[in-house]
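Have a look at these structures, which come just after this line.
Here come two complexes built around chain A, the first alongside chain B, the second alongside chain C.
After this line comes the complex of A and B, so read on.
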């Protein structure tokens, strides 16, 4: 027998049934990779991508739970739920991508399979019970995204944004791996459960705290939290808008999920360190993101700063180590998908129209030119601001109650004050849309995919605003799953 | 035999040098080299801890880091080529157009 056969005979073949969604995504990506070389049929490529994503989305609810690859890959309800939402996000990005790329004359077939590789990396991230799987996943996702961000044909800003993203992302990678090295040196393992049992509240020495702190800084860099946010506005503004939507929503959600998973499962007893760290980062993100967003005239850049502020709101939940706070974090991450996608898909649809440059003046009189689109944007802006009939309110309310429940009043006050300040720029768009006369009479036309995506997001924001318990129950269940995994 | 702490100290030094490089260098190629320097610092740290623990996990991780560093360097060099073609320049002071 060869060495490989002996190994498989000794360990048993890995169980592939739990990674069927990942296999579908990978095969779709390779299919496009091959087809794209021979055919120029753009419609075919996007149809195959959409079909692969739909198939993966249908398979996910029926995927069995379990561990595979010799304990390096863990599939449970937590990871399956996040995978479902990540696939859904990619689906909406793909259906709006082709009209945009063709209008901007920057179509490449590479967009589709790099997006799928990035999605695969994110799916690996959320199902990692081990720092190695997490590291490989986050790098697959990031490196694909550096290329996606820089693929705007003959556009210098896109290259500059992508290069800043690469340098800052590379620094983040180095910090994360140095943190992993220190934790490995301290505990001798990469497994979350072994790390959790090795580092207890009684033996927090320099190695453990230093490793955790460096890992935390690296993760904050990937989640674009202030003061490690420099790349975010540039990369978001430079990239093509559908890719911005993907980076701002899918990558962020996967990062938040994995941050929560690492903090809760690998460092449950070191919580005094990470709660303080995330509280400070969250406060800085909320304050800085909102104040800088106030000064922006370019709406795409404004939404980029608004996404930094939203990182602050979401990470603020990590300041209190209670199951209610973890539920609030998951709930906010899930509902942010709808607001974030809505805002960026709106810009993507508008950028194709004649004379649209994303400047705030372009929004003048939008309500008269296209009442339905203006209404959708109104819903997204109200939701990001947190006005009651929309679900954004319940996201912020959950984090607020969690903070008060743990007596972290200062952060709760920062959250409320900064939400009020954020009205300055969200409502500015609404005022420009509804209270100004239009400067142009040019007609809009939207593709079917864009209209469907925007209507879906707006409807879902309102439905969830009326029945927030729908997602709150899911989030609560995921928290329970996460807490069960501690020390397993 | 050299104790493992010396290697950890060396890796820490290289890491800090890389961070300083990212913060102060103006040439975009030097920026890319600084990030690669940091990843190599991590490799030294892993091998040093491996020596201490007598385990092979750290050495396996080094292979992953090597692969990822290569992928990142190739993407970075591609971007530098694209930037140079558009601008004929590699200095961050004169290249920056995206500002608040």
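After this line comes the complex of A and C, so read on.
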């Protein structure tokens, strides 16, 4: 018995001060869970959610760094920064959600707390120093998201999309757990640092490569990278648009962050395997996503394919294992928040208007009907395309320079060519907005939250486009933190 | 030692035999019964290796909970009844199954597996037992993921209620 007693005696209470933001999110979720039973005051529920998210956002910069839960939870600048942006994304989704749900007659109080549970899972993902914490985090985030995707009332497409998402996401989780099992068998540990020291470039045997390859496929499925993207267009199109914004932005950002963290911290010396894997996946995503997006007439579906293409652009940075490339990846994922949220929130605001069906023809003459909204959409589209005054340009430039710096010319060429092809559908929207006569004269009305969110995103894209060093410095610092963690 | 060897061969051959039954029985209820048999034999294999906790969990979770769930689904969804295997699916499933088998075989034969490390050496496990060893790790180091798992179950439960409940009642509430 002495062994067990020794094990337990050395343990103190875990340090809860580093997980205060998570605790705030959890308490908010449970508060809404309880309140929702007794009251029908929808305004109250959204106010409490917004308040909880604001509180968490304010607390995050003041949260101390450190490890807790016996080495299973790691809070450092990397995880705190991503947590801040995830909370910010959820905040913008929540403030535009209620008008949309009421207009579509699909309001459920469950939207709010499931979104918070999902956010909690993502926050766990980005601060995991251990494959088990990462695994439960990604499970919590995905399972909440399957449900959120299927909660469009009486809509067959939503159920179908959610079902595909469930099956494909379940496959992804199964693959991830299989990969984790192989890696555990090979290294005898779940901790990133131990795995990093056990798998070196000299002893890449079939166990390590097999485990890593299967883990990589599972992660690619979660990041909706081609050829594991089948769920993405259906799930994105079927879900209510605010939830699509949440899936396309928050879930993706958390996945990119955790992919980078696992690759860099757990497999730093196995880079020949994963650079090749991500390069192929990224090239496939860019080519397939852009070509299919060209043929879409439904703008929501088009943006879904565009988000597949963007996961290609972002993951392309992983083809080169340099700190510049990691910085480019973090920078692009952070600025993608603004473009992705902008695009989907725009659609969410528009879908509430009379006669709007997300078809490309609905965009005809938008500039004459609502000049400001058309200008915002123009900024988002230019940014996704990567035209210089917007920040999207610097995102692509960073990845491009990183690829050239490592002499991966083929992927750099694919990136540039595919960006040019993507002009075909991004500019199509702009042309429809500015160079066609409006077919309807119906007036638009937007809620305060929607107007604020759209204006904020457009302004920030332009500010960052003029002053990108602001985020570039943050990304560089986060890369340094990540590299310091190797083998610690 | 002799007995363990015999037990291994008995359990493993029966497991393989029942696995063939799962694939080839035309009646789906027989297939599910063969699945139970396979799972029980696999749990027998765990017992012979001295992993009595995993063996018991195998029976409790798979043979009881999951298979009962299968039976419920089969008896409530009418399309499943009487449908045997179709050759068109075997075109895909046999190569994929073989691929997974080959992959597993190569990885287990040629992977450099780590022998066991840490506090729980075979002697210690023999002394305290599997259950205490697993419980000690689960409620100390792995407490956090364990607690989060309960949250996942809560979310799944909420989700099944939200998606599965009757809509017309809710609609009237929303109108009124």
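What we mean here is this: the second predicted complex is superposed on the first by the 478 of 488 C-alpha atoms of A that agree within 3 Å, B and C clash if a C-alpha of one lies under 4 Å from a C-alpha of the other, contacts with A are read in each partner's own complex, and residues count from 1 in each chain.
One rule holds in what follows: a residue touches a chain if its C-beta (ideal position, glycine included) is under 8 Å from a C-beta of that chain, and two chains touch if they have at least 3 such contacts.
Model, not experiment: these values are computed from the prediction.
Student: Could you say whether A:437 touches chain B, chain C, both of them, or neither, answering first, second, both or neither?
Tutor: neither
Student: Please indicate which partner A:153 is in contact with in the superposed arrangement: first for chain B, second for chain C, both, or neither.
Tutor: second
Student: Considering only touches as defined above, state whether A:170 meets chain B (first), chain C (second), both or neither.
Tutor: first
Student: Should A:234 be classified as contacting the first partner (chain B), the second (chain C), both, or neither?
Tutor: first
Student: Determine, under the contact definition given at the top, whether A:292 touches first (chain B), second (chain C), both, or neither.
Tutor: In the superposition, A:292 touches chain B alone.
Student: Answer with first, second, both or neither: which of chain B and chain C does A:132 touch in the superposed model?
Tutor: Both chain B and chain C are touched by A:132.
Student: Which partner does A:143 contact after superposing on A: first (chain B), second (chain C), both, neither?
Tutor: Touch status of A:143: both partners.
Student: Across the two complexes, what residues of chain A are contacted by chain B and by chain C?
Tutor: Shared contact residues on chain A (touching chain B in one complex, chain C in the other): 132, 135-136, 139, 143, 146-147, 150, 154, 159, 162, 182, 185, 188-189.
Student: Residues of chain A touching chain C in their complex?
Tutor: For chain A paired with chain C, touching residues are 1, 3-4, 7-8, 11, 14, 69-73, 105, 107-108, 110, 113-114, 117, 120, 124, 132-133, 135-137, 139-140, 143-144, 146-147, 150-151, 153-154, 159, 162, 182, 185-189, 198, 203, 205-208, 210.
Student: Touching residues of chain B toward chain A in the complex: what are they?
Tutor: So the residues of chain B touching chain A come out as 8, 11, 15, 18-19, 22, 28, 31-32, 35, 38-39, 41-42, 45-46, 48-49, 52-53, 55, 57-58, 60-61, 64-65, 68, 71-72, 75-76, 78-80, 82-83, 86-87, 95-98, 100.
Student: Taking the touch rule as given, give the residues of chain C at its contact with chain A in the complex, in rising order.
Tutor: 103, 106-107, 110-114, 116-120, 124, 127-128, 132-133, 136, 140-145, 148-149, 151-152, 155-156, 158-159, 162-163, 167, 174
Student: Okay, in this complex, where on chain A does chain B touch?
Tutor: 132, 135-136, 139, 143, 146-147, 150, 154, 156-157, 159-164, 166-167, 170-171, 173-175, 177-178, 180-182, 184-185, 188-190, 233-234, 237-238, 292, 295-296, 301
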